[in-house]
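First comes the structure, then the notes that go with it.
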């Protein structure tokens, strides 16, 4: 019986000690982690889309409730005017979800840029969706109304050669994003006024 | 050699050799010296006779003290040497060489002991006829542990090319008939089944016994398949027919028994098929113990380095390394192969082509079995891959594309397992 | 300090609950286990990694105690664990003196006659079943290397001359090759033995002379030459008694076929 | 059998180098070696956890009752794993993203548990550090080597820098799952070859 | 219902825990030399994973999340899994020795099977509901078992082949596992 | 007993039906010849280059491996040549040289030799190699693009790719006769349906491959494709398209039938073939790959050891 008690005591003390230690470390790193997440996951795409903006879009962000989900919008200030938002869309690719970021100008409801943030596509081919500007630039200047399709599906986007599925996934993602934009446009317009 | 036909889709057919294309019997003159092999190990201390001991034709010679092993001399003369001989699968023999005298003298011990076919008893058969041509399985009849209730007389020859039984059926059906009746009275078993091929049906049915027709294709005439196809009994894996009360005896052995009681002499000549290098066959009659070289001499066969001499059929026989190997009571054929005709045995691995599976009459998964045997996992092979179901027809090796000696692997595995099991039984 | 306390309490509680459950369970569900297995289990890492091929450490311990697995089966543990296990099992590493294998036949391709050329399964056990093997000598090495394949420690190699060669560094004296050889050519001798008559033939001198250049003819010259009386001749075969032999070498010159040889590397 | 500290260290680099000699800890080896960087990062994380847990286990070896030693080891290892996890998130976030779920899974890497049990629980602190460093660095070397092999052939880059120039068509198979297994198998074969000499 | 079926197929074939996510390789290599062992291990993994999957989900939802202790997941999960496995082992050994013989001896192997831990973490990361977690846990485990049994079938044959010495055993096993993973590429995009 | 002749002693049987691995393999080469010839006629010298480089590099790899591992050199059995040949047949005529060399390396070394050579490979070496190079360099296998520079009197379209991207209407224009005569885009030796069928029948008659596998494979494709087609004929093409395009025919007669990776018993052979056919159409219709033959066969190779556990009971087997 003594053995069991010793065992219980040791295990309990050890666990609670580790809990305490971890909580302390966690406290010290929490802020840093949140910022890092934004910078590294979405940062590159946002910066790419809102190229030339005069503010830090990651700092200037706001959230809007869309049903159960909270969506983050990143504001881009051009020529001293906050007239652009970047936000996320999701499409299905070859190896899972493709996360992408779409920038829309609220002045004329046109896509000003698109960039893939997360994906698990085949390196070399599917990854071109992220790295090849030729592909993503095709979305530039398109209006947010139409569903985007690759050419084999009857749309106007040239698919990345050998990565039809990925290209299709990206199109679906952009279409999704466009729908979100259409749905939430009033709120976006409201919020964006706060950034001048 | 039967080559693979162009159309390989069908199962290969192996027509058994027929007596019709074999020329008539050729008698081999008695040799100067003959050798008799008794399958009991050489033991100098217990020998009952010595060198120079005189023997007569048909004389029974008991070999050792405290043993009822005997041989029957096939000639008259004197013992010239006694030595040890190691055969296949660890079988050791006592080899007794007899120098043949000019005058032949018949021994009459059997005549007085037997006293005509009416008085045939199992004792007489057992005590005098175990060494007769065709090797009558006399021991099986007297084994108390495994009572026999059915005797199958095999008139067809089990291996390819062999025509001994066919010849006996054709030439000496009366002796067979006589032998059967002696067997019946001696053993008291009435359930006798004759097995014959189609061409023999006419003659064999004349004996008045129950006759079953067996296919002309190899390996239909092998005992386990006869058991399965004719008798509807399946021999359990690892068991012999006698374990379930069935005894196989060749037509030649039956004829020997018949002739022995008829004439009062133990028969000493063996009928066998000689297959020459060019594949032509001859039917030969020779004294038991005649060295193969004397038969070769009679047919002008010369052998050279790396040829092969086979005693028995091409599928189940065994090789001998000496030209002087004697004809034994169960030597049904002697085949000579030229070195250029010997198929290559390779150490190539199994390619899993499945030809062996399709040809195997026992439904064994040979492609897997052989992999276990190759790696020496004999116990697993026996437990999971039906090693003991093998009826030893040799067809798997015959068709093997890789040229693997599958049959040899199987025999070695069985032998090694038995050895290990006996060792285990004696140790603990 | 709120979150820290929170975490401490939560983890502590979890640890407490789980250890109590396990503590109680170990009493309630107690099952007798062979103390030797427990002892071996104690030695093992307990990581249950499966690297040994057994289902977990205790399964491996059972196998070790039963002798199915060698003490060094645990790959994760390394030498220390092997030693500990060996101590528990009582197969101490430093057992008196090592036995090693010696090949008791010198009948190379050129030295020994063959009675036929063998074709078939390349395994001595198979070859010996066909009329007693292709060597004319009933006792000689068949040279197909079944012992080489069987050696679990790669201590045997087939030499160019058709005889196996022992690597004394690797040989552990396990005796696997002795058991598998159909002719008992590999023989266990004490590592300290200095001289041996490397032949296994019990055939008489005349027979040996006819079939082998390097067979013991049982002439007994070595026996006479030996000052220590360390050699006996049994059924035409000289046998050196390793205990008595001093390795003086008097017998080497006497042997007409030179099969009495020094085992000590020059 | 006392070995010097150097010996304890060196054995991890060759004689007992995981995962080649001790075929352990395969999962992260296969999963994170798509590039050198990942392999190196994972290796460093493992070294950290291994050394820290070895120190702690070695320090506490007289307190921990043998019945619950495994549970205690797990707690200690898990603690350090979370520490690594948090630190990586805070300072090397991109690497954390790539290594993903495999950072928390260090906790079930049998190399760590195996060392704690087989070495640290029985030896002093200094020796345990040496052992942990040795095995850990050995592990890192293996990961990095495999990562280099796969990255160079699979993507044509080394630490993200193109090696063969733009005309090179990468052997994508190497960075896919099957390639990981095949590469590791072939490397193991090479190690066996080298070890037998 | 269809969604769950799709999820299951995805977990068993497309995202096979072992071949696509590399989890559980150590026991995979260890227990695949014989078919019987492979089947036993497969069953044991299914059994434990379903239990572990549900318990860790509950702990995460009702203990860790309410207190904001998500970062303690790793340690909490491993503790729970280890204890659970040990408990089940003791329980089986005493109460159902028959089942213990067939399944229990594989249980200790599972503690350090990263597949179990991995699936529990995936369930939480992907924010599956409880039922979904149950489905994924079962199907991931089934996928593991499937791969294990298929692999064992192939490996039984490889053990009999004349594999060059340095490749024997684990090395050739890994290469074969690679082929297995390659074959499972066939299911890409099916779910 | 003094005689100088040393005879050969071996175990029964003393006869052999004369079949040899090399004969078998050369027969396979013979059967593959028509399909290759048509490919060469269509694609000219590049096709000759691809096939001959493929064969020779395969032989060289095997020779090198045997030399390095110091085992006896086995290139004489023709198995390396066959592997190289079939590998070449699956490639487009524009395949780059380095791909062929890597592919044959994978096929010979990883697919076959490291498992212990002929008969021991659990997977068809050619299929393994093709699968690996296919996932690595997908654009080489995009036949439409790869063969763009050829100009023929027929529509140079890879039917399966067209089917995948543009739906059934895109393949309506193909007539059965054209497909069988190889008037489609594809691998060098995999488009001439008639030649492949003739070769296959020759091999079946010679007993070198098994009709059970080939036939059930084709039947599996036919039935599955038919079911899909009946359900939604706008999305899924009919069985004829699936039977005579892509790697179907070469798969049925030259890939699925490879000895050591396919079953040997009757029922397993049927299951093996039919499942491979089913998987092929599944991958083509709902998977991501344009052609499913390669992966379907790979999967079935994997299942093969389990399938072969179904076999008739050996005689006399107790329990």
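Labels for the chains are A, B, C, D, E and F, by order of writing; each one numbers its residues from 1.
Operating definition for what follows: a residue touches a chain if its C-beta (ideal position, glycine included) is under 8 Å from a C-beta of that chain, and two chains touch if they have at least 3 such contacts.
This one's a predicted model, so the numbers in the text were calculated from it and none came from an experiment.
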Message: Show me the overlap between the contact partners of subunit E and those of subunit F.
response: A, B, C, D
Count of contact steps on the shortest path from subunit B to subunit E: 1
- prompt: Using direct touches as single steps, what is the fewest number of steps from subunit B over to subunit F?
  reply: 1
- line: Outermost chain relative to subunit E, judged by CA means, is B
- prompt: Where the centre means the average of the CA atoms, what chain is farthest from subunit D?
  reply: B
- prompt: Highest contact-pair count belongs to which two chains?
  reply: B-F
Query: Where the centres are mean C-alpha positions, what is the separation of subunit A from subunit D, in Å?
result: 32
Statement: subunit C and subunit F have mean C-alpha positions lying a whole-number Å distance apart equal to 47
- request: Go ahead and note the Å separation of the Cα centroids belonging to subunit B and subunit C.
  value: 42
Message: Centroid from C-alpha atoms only, then distance subunit A to subunit C, rounded to Å. What do you get?
response: 66
Query: If you look at subunit B, which of its residues touch at least two other chains?
result: 306, 318-322, 342, 345, 349, 405, 408, 411
- prompt: For subunit E, what residues touch not just one other chain but two or more?
  reply: 26, 29, 69, 71-72, 75, 79, 83, 111-112, 157, 161-162, 167, 172, 175-176, 179-180, 182, 185, 188-189
Query: So which stretches of subunit F touch two or more other chains?
result: 6-11, 110, 114, 116-117, 119-120, 132, 135, 288
- prompt: Okay, what are all the chain pairs that touch?
  reply: A-C, A-D, A-E, A-F, B-C, B-E, B-F, C-D, C-E, C-F, D-E, D-F, E-F
- prompt: Given the complex with subunit E, which residues does subunit A contribute to the contact?
  reply: 15, 18-19, 22-23, 26, 94-95, 165
Message: Applying the document's contact rule, which stretches of subunit C touch subunit D when the two form their complex?
response: 15, 18-19, 22, 26, 42, 45-49, 51, 75-81, 83
Field: subunit B - residues contacting subunit E, complex
entry: 349, 371-372, 374-375, 377
- prompt: Mind pulling up the subunit F residues that touch subunit E in the complex?
  reply: 69, 71, 110, 113-117, 119-120, 122-123, 128, 131-132, 135, 279, 282-283, 286-289, 292, 295-296, 298-299, 301-306
- line: subunit D contacts subunit F in the complex at 169-173, 176, 178, 182, 189
